[in-house]
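Some notes on the structure that comes next.
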Amino acid sequence: MDTAEKFDDKAPGNMKLADQIEGEQAMDETIRYPDQTVGTPYVDNPKMRMRDVEVFYGEKQAIHGVSLDIGKNEVVALIGPSGCGKSTFLRCLNRMNDTIDICQVKGNLHLEDQDLYDPKLDVVELRARVGMVFQKPNPFPKSIYDNVAYGPRIHGLANKKYDLDEIVETSLQKAGLWNEVKDRLHSPGTGLSGGQQQRLCIARTIAVSPEVVLMDEPCSALDPIATAKIEELIAELSESYTIAIVTHSMQQAARVSNRTAYFHLGRLVEMNDTDTVFTKPEHDLTEAYITGRFG
Amino acid sequence: MQTGNLLLLLVVMIAGAYYMGHRRSFALARPLGGIRHLHSLPFYYAMRTAIWCAIPALVVLGVWLAFDDTLIRNMVMGSLPAASQPVDGSAANLMLNQISNVASGALSPASVSPEIAAAAEKLNSLRQLNTMAITVVVIVVAMLGTAWGWVKISPQMRARQQVEKVLQTLFMLSATIAILTTVGILMSVLFESIRFFGKVPATDFLFGLHWSPQTALRADQVASEGAFGAIPLFVGTLLISAIALLVAVPVGLMSAIYLAEYAPARVRAFAKPALEVLAGVPTVVYGFFAALTVAPVIRQIGESIGLDVASESALAAGLVMGVMIIPFVSSLADDVITAVPQALRDASLGLGATRSETIKKVIFPAALPGIMGGILLAASRAIGETMIVVMAAGLAANLTANPLDAVTTVTVQIVTLLTGDQEFDSAKTLAAFALGLMLFITTLLLNVIALHIVKKYREQYD
Amino acid sequence: DTRDYISIVGSSTVYPFATTVAERFGRSSSNPTPKIESTGSGGGMKLFCAGVGTQHPDVTNASRRMKKSEFAQCQENGVKDITEVVIGYDGIVFANSSKGKHMDVTLRDLFLALAKEVPDPKGGEKLVANPYKTWKEVNPALPNTKIEVLGPPPTSGTRDAFNELAIEGGCKTFPWLKAIKGEDKSKYKAICRSIREDGAYVEAGENDNLIVQKLEKNPNAFGVFGFSFLDQNRGKVQGAKVGGVAPTFDSIASGDYPVSRSLYFYVKKAHVGVVPGIEGYVKEFTSEKAWGGEGYLAEKGMIPLADDLRGDMQKQARGLVSMTDAELH
Amino acid sequence: MSKTTEQVRKSLAKRYRAERRFKAFGVGAIGFGLLALVLLFTDIIGKGHSAFFETYVKMEVTFDQDTLDISDVRDEEQLNFANYDGVIRNALREEFPSASGRQEKRELYSLISTGAGYELRDLLKDDPSLMGKSITLWLLADDDVDVYVKSAQDDRLESRLSDNQKSWIESLEAQDRVELQWNQSLFTHGDSREPELAGIWGAVTGSFFTMLVTLILSFPIGVAAAIYLEEFAPKNKFTDFIEVNINNLAAVPSIIFGLLGLAVIIGLFGLPRSVPVVGGIVLTLMTLPTIIISSRAAIKAVPPSIREAAMGLGASKMQVVLHHVLPLALPGMLTGAIIGMAQALGETAPLLMIGMVAFIVDVPGGPLDPSTVLPVQIYLWADSPEQSFVALTSAAIMVLLSFLIAMNTLAVFLRKRLERRW
Amino acid sequence: MDTAEKFDDKAPGNMKLADQIEGEQAMDETIRYPDQTVGTPYVDNPKMRMRDVEVFYGEKQAIHGVSLDIGKNEVVALIGPSGCGKSTFLRCLNRMNDTIDICQVKGNLHLEDQDLYDPKLDVVELRARVGMVFQKPNPFPKSIYDNVAYGPRIHGLANKKYDLDEIVETSLQKAGLWNEVKDRLHSPGTGLSGGQQQRLCIARTIAVSPEVVLMDEPCSALDPIATAKIEELIAELSESYTIAIVTHSMQQAARVSNRTAYFHLGRLVEMNDTDTVFTKPEHDLTEAYITGRFG
């Protein structure tokens, strides 16, 4: 927690610097990419193990040979500049990329012993085990209640209406939305404010209690208090579940994660203990990023 | 100039007006420092000029064409000597036709009286004059309109609003056509229906259980009291439509779902239009198919399990009709299902739902209004279909719910009554209109209910 | 708008003959081929009698005679002078698949098999709802098959003629029924011209070809349709003898075959000379090579009038003699 | 393993069964639809293919001036009305001198189509020097002969031909003087009472003009009406009422539209009967609900966020509609047009009322000439006694379906290009 | 700029506090709402003047009598907990709420002398003058180029293709997206990453150079560097334009805005100079919020 305070989020020391770092591309030519990721991307006995993941959108390669592990009951933060491939990588982990026609995934991805891209794999089970909160809140055009109850219903997690009510309530409570919506559980989820929708989507995902939770910028539309609530939730979840979170807030990464992975233009540049990443980053790209400048 | 050529010329002039408006708006914009300083885009100034060119000219042309014939006729008739003036309107019509036929050479001048021959020549010369005049006037009006539209262009002019207003008015007029059609249809059945109910008590018609088409067609034919109980017809309609929908809705919907959600693009590109062909096969063809291919099969199967199947059966007609309306459901539903945003699919799949669960629980409700529209269209088509029923289900108005019996439908009776040997005023012919009215009201109620359901269950996405 | 072609409407029964004539007329004259609409006799009358003027037809065909009411309507709308032309006969046949048994029925059999109410089979002058299920029950000489007859609907002229000639003809063979005619004409008609509605008589629409094809699929069923369809489908279907007479060209022409009716067309005289070619068309129709005993209409299945009748009719038609109210009944 | 995973595993087999069932239903549904289509097509093609060829008989004919009754070969009038049938009869008599008696001669003459005379006329017109000469020609056979020649050996027993006629044909067949040739008249002629002369070109042009009018009127009007109702009309009880009414119009039996057309377009506006313009207008009224309903469904399916984005940039309502909603909704609108037009193309009942169920020989030259349309031609042929019309009917259906497929292909191609998921 | 550093965004001093503030509702009962907004909501000669704005979604009231001014060339930040009505209020300012059927707006809103809810007002012109960046990125399903070019096209801002190209390029550059997309200007805008879409929407809005720019959490999906770029853009824009920005990042509010308005449950609690709001807030609710706790 202490590292968190060091960072003044989104306020690069010298704002004018942004001018100089206009062209990432230009800079890329001068900086050598590490052949291998620096730091400690692997752990013993991981929950998920990814090796040499490459992702293509049509011709365009979005992820270049990324290898990393996510340990059991670990919170891994994925950080990096916009467009660097965080969401793309995250979506590989429960095969949501399948839904994009032009998207192709190569490499070795495992959830425990299960090869994720094994043709025989059961994606439904996989996605039930590996839940996801999407970057853009996408509530169903159904009532708030039905949004949250959707997962439990399809998986048959509640036997009685009473159980379901309870799941809905605790999920919404955990996502910090219960008080705001308890009087309007049956009004449509699409009629919520941006931040409320985001929390609804979080509640919807945790309602099925997946083993691994993937969160793509879950707090992007939230105020500090709601954010705190979600971070608390993450802490709570990490006691029994495994979590990968994409965030653009380095403070948040510092606060919630055990290890942090820094992505840059589709490559995993560095992965280390969160403390290490934020106090003594090994790679100069990482350092440039976390100090709010490049090089 | 021929009207067709004149219209072509007008199109060219409209294009010219557009071009001139465009040029002028740019010319006005240049000293101001670019088109951003105009109120509207050059496109709108150009459109406005084109509209000024088109609408007055078209109105003049329309009005002229509506009246020139009458005028010329009157002039030709006026030129005839008093002695050969026609006695009444229809005689005048005939005489004019004769004159025109002589003028065009279809009748030889020798076969008619000299006055008529003279009139024919006058007609020809008047016609020539008329075409010349119309050409000149329309061109002048178009030019004046263009000039007016062109001169009026100024940087402050709210051209976009004006053009949009014209467009919106056109849109509104289009919608009005649909409404006018409704009114027209109501009118065309209402009065005759009232006359029918003057002859046959409404209660007999509405609640009568016996529809006997053997009433007196002619005064001298059969004198038994006509039985105008419409219930068997409505039951028959319901039965056949229900069978048809039982085929079309599941098949259509499942086809749509498969095409939109499962099928590879190539399969979809082929199968969707292929199914759409089913809607265009003439109903006579379906009729033969139902009567000569499906009905005998049903009969055989029925007899092999010991059922007594009429050679004409609601089942055969309903099944084939169901096939015919599949595309109404499949294509419309496919379109709206495709339109559901991917984010919703992702949300559901991401929670570990199977595809079918996603479809049933998320996509289907989101696409419901469109799907309902397709089903309503299909049902409407089923209700309105005649040929298949006539050929495969017969014309006997049995009050039965047994799909193996012969039944008939409201629409079929309307068609047979209207096209058969008819007498002007008999209750029988009028009954067609009363049936039409009843059908109109019934389907109206069904639609109200459908709208209600859609409103209730609609899930608006985004 | 000028009309330079003849416009003809009316009966679907006459349609095949009228079109044959029109086509030949169009080919062999400088006039355009007439336009012929198949509207049914009643529909044709309605259009024909709507008035004079180019928007109204010049000629209407009918498979029955013009009715008094229709004539009155014509007069009212200014269609004063009308020439009536009888062109020939149409036999109505009772037929089944060639695979089925050949039948020889009497009008009485037809009445008993198809009427709505029939004299009580147990005897007595009482009417009961038609109880017969098989032909054998009607007449022991007939085969033991279910009564199933496919025929036109009540809106069709063919059906009228069949009711009038066959069913009523059979009905009249019961003297006590015939006697009702004198007492209560409408009651008589109700009895003698009503067809049963319990499924034995199947109203199969106006498409005679469909009936023929259905008969092929179902050898036990019988059908009621025009002679030309029998003529053209010889080999597929066979016509039953009625009253011992087979439906042949000659038997119908001679009047031996009992179920046949006359075919007509009506010309609007006011249009003659205004719409070019009407006289020519009438001439072609009434020429020997068209409606004569060996004419091309006979080829098409129309049964010609007797020679002397033809002569009279030809004179009447070409002379455009107007008909009067009094001729109609 | 978490509780969820366990629970999911347990239910999974069942859910997958449901999934497979669901998918199988989908495949089954498509299969059913396509099967129906294939059945219909085989049925039609099976019946109709033979109509594309017709029988010709080789004969030597002499243009005998006396028989023809022509005094001056340059006189159009005389050429037009000469007795060509006589020439053919002479040829037939020479070929089969055994035919005697009126009955037998009639049978003999009826071997050759009445249309053969017109062929001779055209030949002579093209080349007057033929006068007096003898040439060998393929003459069009009568339809009964055609049926006989085309039918299989054992079906020949059912033929209408007399024994004499059969023997004559067989002797000609033995000499290889009977041949099936491409049925050109089918694609060039209007209707005819003689099956061997009947063509569908008149109906095809009629259908073309009618569909053109329908398309030009119904698509823009339908789309415009849908846009107005969906985007511009105030949302209230009245517009709800209109929506219901338009849906209801779809259920009005098509013949009623014919009645309306008869009363308003012919009665009130005084347009002539039997012309494609009137047919097109009536079919437009009938098709409009289909197009409006599907267009509205397509417009409704456009996500509001797209509209908001455009409006936020200062696009006017009209611009939002024309630039964003319309392109996204067009595929759905085209679907409406496709099935609406398909229905219109196959429709007969309303045309009955406005006089398009007619015998029209001359191929129409424009939308104001009397004409008939393909489904009506099919309906009329299906009701004709001559057996040859059975095949012709199916051939006409094949042509109609080709017409339909051609019409749809364009629209389907357009639709495909416009479709996208977002 | 200096106030900005005081705030540790989204990191309430004591995270466990979040537990106690679970129910805002519960708290509301004890806290008295000011009858009038505290602070200085009004300025002289404002660009936009709003008085007693009330917004209803059907029955539910989302904004209660809010009055404030936005001065010329001023950057106003709207902050407040999720669901408090910031977006709703912002959407009133260019009448985007019109598109929501059930939404009703009451009160007096003026852009200079123009009454925004005057029935005679041309909303199209209004929206061209008052541009908006929405909370959820909503690119058109068109190419990136067409997305940006759309506004200039309909407003006739470019005479030639060349001009348009330039507008597109500078807009994308200002939004910091140019380098990432310059090679794929004609691929669809919907195929961008979340943050890229957000920047695309910003570029699209500024391409028409509206007088007032409304931005609803424009940096929610952006990393610090991209955020800096946008903040710089805001600073640049504020030289000639007026800006209202909704943000949940108090640091950002502190960095970019001249004045800050704090919303709470549909009410404008306090509006003051940004410095004042963040250093000595007048209202206790404001203080509670900016210090990351309530009361």
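Residue numbering begins at 1 within each chain, and the chains themselves are lettered A, B, C, D and E in the order written.
Note that in this section a residue touches a chain if its C-beta (ideal position, glycine included) is under 8 Å from a C-beta of that chain, and two chains touch if they have at least 3 such contacts.
Composition by chain, UniProt nomenclature: A, E = Phosphate ABC transporter ATP-binding protein; B = Phosphate transport system permease protein; D = Phosphate transport system permease protein PstA.
This is a predicted model, so every value here is computed, not measured.
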{"item": "Touching chain C and also chain E, the following chains", "value": "B, D"}
{"item": "Centroid-based (C-alpha) most distant chain relative to chain A", "value": "C"}
{"item": "Most centrally placed chain - per-chain CA mean versus overall CA mean", "value": "B"}
{"item": "CA centroid of chain A to CA centroid of chain E, Å", "value": "26"}
{"item": "Between chain A and chain B, centroid-to-centroid distance (C-alpha), Å", "value": "55"}
{"item": "Distance from the mean Cα position of chain D to that of chain A, given in whole angstrom", "value": "60"}
{"item": "Between chain C and chain B, distance of the C-alpha-averaged centres to the nearest whole Å", "value": "36"}
{"item": "Per-residue overlap in chain A, given as positions that touch at least 2 other chains", "value": "124-125, 128-129, 136, 154-155, 208, 210"}
{"item": "Two or more partner chains touched - positions in chain B", "value": "288, 342, 352, 354, 357, 419, 460-462"}
{"item": "Touching two or more other chains - residue numbers and ranges from chain D", "value": "8, 15-16, 304-305, 316-317, 328, 352, 382, 422"}
{"item": "Pairs of chains, among all present, that meet the touch criterion", "value": "A-B, A-D, A-E, B-C, B-D, B-E, C-D, D-E"}
{"item": "Interface residues, chain A side, partner chain E - complex", "value": "4-5, 8-12, 15, 17-19, 21-26, 57, 60, 79-83, 85, 87-88, 135-137, 176, 179-180, 184, 191-196, 199, 216-217, 219-229, 231-232, 248-252, 255, 289, 292, 294"}
{"item": "Complex interface listing, chain B residues touching chain C", "value": "69, 88-91, 93-95, 97-98, 100-101, 104, 106-107, 111-112, 212-214, 217-224, 287-288, 291-292, 296, 299, 310-312, 390-391, 394-396, 398, 405-406, 416-417, 419-424"}
{"item": "Chain D to chain E touching residues, read off their complex", "value": "235, 304-317, 319, 323-324, 328, 420, 422"}
{"item": "Touch list for chain B against partner chain A, complex", "value": "342-354, 357, 361-362, 365-366, 459-462"}
{"item": "Chain C partner contacts - residues on chain D that touch it in the complex", "value": "80-81, 102, 106, 110, 114, 118, 157-160, 191-194, 266, 270, 272-274, 352, 355, 357-362, 370, 380, 382-387, 390"}
